[in-house]
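You will see subunit A twice below: alongside subunit B first, and alongside subunit C after that.
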Partner chain A sequence: MPANDQIVFENVSKFYGEVLGVNRVNVSIPPGITSLVGPNGSGKTTIMNLMTGLLQPTRGRISVLGIAPNEPERLFREVGYCTQFDSFPKGLTGYEFVYSYLRVYGCRHQEAEDLAWRAIERVNLVEAAKRKIAGYSKGMRQRIKLAQSICHGPSVLILDEPLNGLDPLARAETIALFRALAQDGMHVIISSHILHEVDAISDQVILLSNGYVVAEGQIRGVRNEMQEHPMQILIRCNKPSEVASRIFAQEHVVEAQIHKDGLGLLVRTRDADKFYLMLNHIAMNGVGIESVAPADDDVNSLYEYLIGSDEASK
Partner chain B sequence: MLTNLRLAQIYAVLRLELRKTFFSRRGLWVYLLAFSPILLFAGHSITMLHNGRPCDFGLDTNIFATVFQVFYLRLAVFFGCLGIFMNLFRGEVLDKSLHYYFLAPIRREVLLAGKFIAGLCVAMLTFCLSIILQFFSMYAHYDWAVIQDYLWRNNGIQHLFAYVAVTALACLGYGSVFLAAGILVRNPIIPAAVILVWEAANPLLPALLQKFSVIYYLKSLCPIEVAPQVPPPFNLLAVNPEPISAFIAVPGLFAVAALVVLWAGTRIRKMEISYSAE
Partner chain C sequence: MAVYKRSYRGYSGAYTPEWSRFLILTRYASRNLYRSKAITGFLIACWLPFVVTALLIYLNHNATILSMLKTSGGQLFSIDAKFFKNFLQIQLSAAFIVTAFIGPGLISPDLGNNALVLYFCRPFSRAEYVLGKLAVIAQLLSLLTWIPGLILFGIQASLVGWTWTIDNLFIASAIFLGSVILILVLSLLALALSAWVKWKPVAGALVLGVIFLGAGFGAAINGVMRTQLGHLLSIPIMFEKVLDSLFRLDQTNRIYSEFSPALAWLGLLGIAGACLYLLSRKLRAYEVVR
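What follows is the complex of A and B.
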């Protein structure tokens, strides 16, 4: 029985004729920000379209908060989906676009008007709302789509490449909006092929390659399970040689490289927790440690280790 | 409560569709096609008035009936409905905007109903208005007294009513067929050709198959028999070897349309959004 606060894929496959979309996907997505990460053609959009019933699975079962995707009347009271299609019904202004679909949702005039303006305000598009969408910039179109997908107050927000076409300021505002929505208890599911953006905002990731889920979970958790790739940790300190000599005695430390400027070192370890404990002891014994930061527990590194640098760079 | 919601949703779809498609450039040719016979009849009337030549009222009535059956019903309304109804879903697939409907909390059958009603409103308004204007354009060169006499003493008003009703029923019948075709196939030329041939060959089909056609019912409802004055091979289009009563023709056409729309409803539930395949 699928959990009612999760989005669950049970052995889901989708084939387009003989072409593989996704295969044997088994994932459970809890509330928070979840990123679907993978190069073009890896199956991110297919998973999102399956979740929302735009596609039907060839095999398997999908449940979104306990609702099947083929029940649109129930599903889309809970779900908003901002697709990557940069197209709109012809001849509408931004406001009319959001308002008209709220009427299709069954809202009365006044309610639809209030909800439309609230969503438009949330994406900072009030001034342009009465202009035709055909005259919008790419970033404005992206924002009006976002307004349309959040206007009815969904519990699940699905965003396919939502930061495409946004300028840096709009990106920062949009990311802040995603964070605020997730803090309200919403599921926010984002697809992206820009790994550092995902890295900055995700609570968990689902890594995809060629239609298969290759890893799933919190970034750090996934990273810790990759024993064949020791964790890299960068330490800035005043006595890197002394730190190197002391940590080398430990079994879990594989390598330590002193930085060229003589003020830091890069350590590779198989057990990050033990290493941090040991580093505390070293710090208490007179070594001045300025900073400690993991160097490869981001999505980019995960992707490179799991799928290879060629795919990651696509 | 649920019924009220669905009615509100149908109204919202209808409103949005009318706004998006009524005056769209894509539909311009449909209006030209619908109103083109007015030019023909108005041209006739203007010529007659200009030349001051006497005209045979009976002959004009037969010509009007022939143009209605052979051109207007079989070509103008047919292709007009193709343009309007096939684009209800296919047009949105081409514009990549159908997903906005599919991502709303609305049953797809309700969406289908809303779009179909929107299509019917546009088609019926356009083609019924056109046939009324055609009717009066044809007789515009006669004295008002002659027209009054025809209308009120010689069944003219019944003829006009029958033309309008047959046009409306044609919109219903062809509309349902092209709505379903727009969901089923991507290329409008294929269903247009198949249905056109099917409708043209109706008199040659076995009795049972004849009933699965729109023209079979419409021909029997037309007010004037035109086959004798139509030259071959076009008389094949106008011949009606076994006319049926209006009490069978009207419910029969409604039944065919309902069956086709119900079938479209089962297809729309399974429809996927795959714009890249277009």
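What follows is the complex of A and C.
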């Protein structure tokens, strides 16, 4: 029985005729911010469309907070979807756009009006709300799309490339909004190509390549499981040569490079936990360690290790 | 791992009845239509035959005018099933034009703007979407067909009394049923073509093309193959046959008399079915990745 606070994909496949959309996807998405990461055509939008019930899986089962996507009346009360491309019926103002879709949801006039203004206020677009969307900038369009996806108070927010076209200020405000929504217990599912932002905002990631899930979970957890790519750790200390000689005797340490300035080294290890334990001993034995930081446990590195090689081979 | 306390509360207010949600689409689309002065003007002009016909009915029962004209039998002309069928047939031409102008603008902009996904990621089905759009054409064509038709029937009934009305109730039902069939077939045709051709003017031309070129092509088939089955490509002829049967008009000595009304019914049903199939193929919910 799928958990009622998770989005669950059980062995889900989707084929468009003979073309693979996604294959054998098994994931459970808890509340918080989850990012779908992968190159174009990797299946991100397909997964989002499956989640929202816009596509039916060829095989497998999907449950969104315990609701099957073939129950639209219940599902769409809980789901808000912000599409990747501009999808605006002609001639509407920003307010009308949000208001009219609330009416389609079944909200009465007064409630629709209140909810529309609340959502528009939340995306900071009140001043432009009565202007035609056709005259909006790219960033304003993104924000009004976001408003229509959150206006009915969904529990699951699905956002396809929501940060595209936003200027740095709007980007920071939008990320803060995602964080606030996630902290309230909402599922925020984001697809993005901007890896450093994914890294900064995501609680967990799902990495996709060619329709397959290549990794899922918290970024650091995923990184720890990648034994074939030793973890890189940067150490700034006063005696890098001594540290290098002591750690190099360990089996899990693959490489140690001393920095040119002689005040640090880069270590590659197959077992980060053992390495940190050993580093504690070294520090207690008189080596002054200024800082220790992992160099490749971010989404960028995961992408490079898990997907980058596939992409390069194409 | 981040721990989130669920403090978020979604909307828990009342909802409008499910059955009525398609009317939101109809309301917005209609509002846009009536903004166009040309369309409003044309719709008003389409009531001219109604005014003329109502005047004729009145004159036909006005004793002063009848005595002035010294008509034999006490009437200028006979007001019967054929009279009302002729009125409906005049309105049919207007209905074709209205459909060709308005129908293509209903779905193609949504497809062109990739907006379908916005409707379908709500508790809103494809059937409701089609119904919402169809209702736009249906209300306009109703204003041109059965509403004026039944008003004329009412005027005639009020002038001649209950006996005529009861004897001719089938005319009222023929006006209504014939109009409903016309509205359904034309609306579905316009929506289906508009769903397949995203460019509005081309879709409009295509609607007119299917209606009028289909008739020409059908006539050519009949001529070459020495058959009447070519009429199955002619929507106006099929409508005429269906109206003839509904208004209980004598089929002998009429044009296309060899083309059976049953075939005309089947032909219109087939067109409606084909349009529904085309709509179901084209109106897909998911976002198209370009």
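By definition in this document, the second predicted complex is superposed on the first by the 309 of 314 C-alpha atoms of A that agree within 3 Å, B and C clash if a C-alpha of one lies under 4 Å from a C-alpha of the other, contacts with A are read in each partner's own complex, and residues count from 1 in each chain.
As a convention for this text, a contact is a pair of C-beta atoms (placed from the backbone, for glycine too) under 8 Å apart; a residue touches a chain by one contact, two chains touch by 3 or more.
Every value quoted in this text rests on a predicted model; they were computed, and no experiment measured them.
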Next on the checklist: Once both complexes are superposed via subunit A, do subunit B and subunit C end up clashing or fitting?
Outcome noted: clash
Item to check | If touched residues of subunit A are counted for subunit B and for subunit C, the larger one | outcome: C
Checklist entry - Of the partners subunit B and subunit C, which touch A:M186 in the superposed model: first, second, both, neither? => result second
Next on the checklist: Tell me the contact category for A:G153 with respect to subunit B and subunit C: first, second, both or neither.
Outcome noted: second
Next on the checklist: Tell me the contact category for A:E111 with respect to subunit B and subunit C: first, second, both or neither.
Outcome noted: second
Next on the checklist: Quick check for you: in the superposed arrangement, does A:D203 touch first (subunit B), second (subunit C), both or neither?
Outcome noted: second
Next on the checklist: Looking at A:Q218 after the superposition, I want to know if it touches subunit B, subunit C, both of them or none. Which is it: first, second, both, neither?
Outcome noted: second
Next on the checklist: I'd like to know which partner A:R103 touches here: subunit B for first, subunit C for second, both or neither.
Outcome noted: both
Item to check | Touched partner set for A:N70, first subunit B, second subunit C, both or neither | outcome: first
Checklist entry - With the two structures laid over each other on chain A, which partner does A:G135 touch: subunit B (first), subunit C (second), both, or neither? => result neither
Next on the checklist: By the touch definition at the top of the document, which applies to A:G262: first (subunit B), second (subunit C), both, or neither?
Outcome noted: neither
Checklist outcome for this item: Footprint intersection on subunit A (subunit B / subunit C) at 49, 52-55, 72-73, 75-77, 79, 81, 83, 85, 87-91, 100-101, 103-106, 108, 148
Checklist entry - Given the complex with subunit A, which residues does subunit C contribute to the contact? => result 1-2, 4-11, 13-18, 21, 24-25, 28, 32, 109-110, 113-125, 285-287, 289-290
Item to check | Touching residues on subunit B, where the partner in the complex is subunit A | outcome: 5, 8-9, 12-13, 15-16, 19-20, 24, 92, 95-97, 99-108, 269-270, 272-275
Next on the checklist: Applying the document's contact rule, which stretches of subunit A touch subunit B when the two form their complex?
Outcome noted: 16, 49, 52-56, 70, 72-77, 79-81, 83, 85, 87-92, 100-101, 103-106, 108, 148-149
Checklist entry - Once bound in the complex, which stretches of subunit A touch subunit C? => result 5, 31-32, 45, 49, 52-55, 72-73, 75-79, 81, 83-91, 100-101, 103-108, 111, 115, 148, 152-155, 160, 181-186, 203, 218
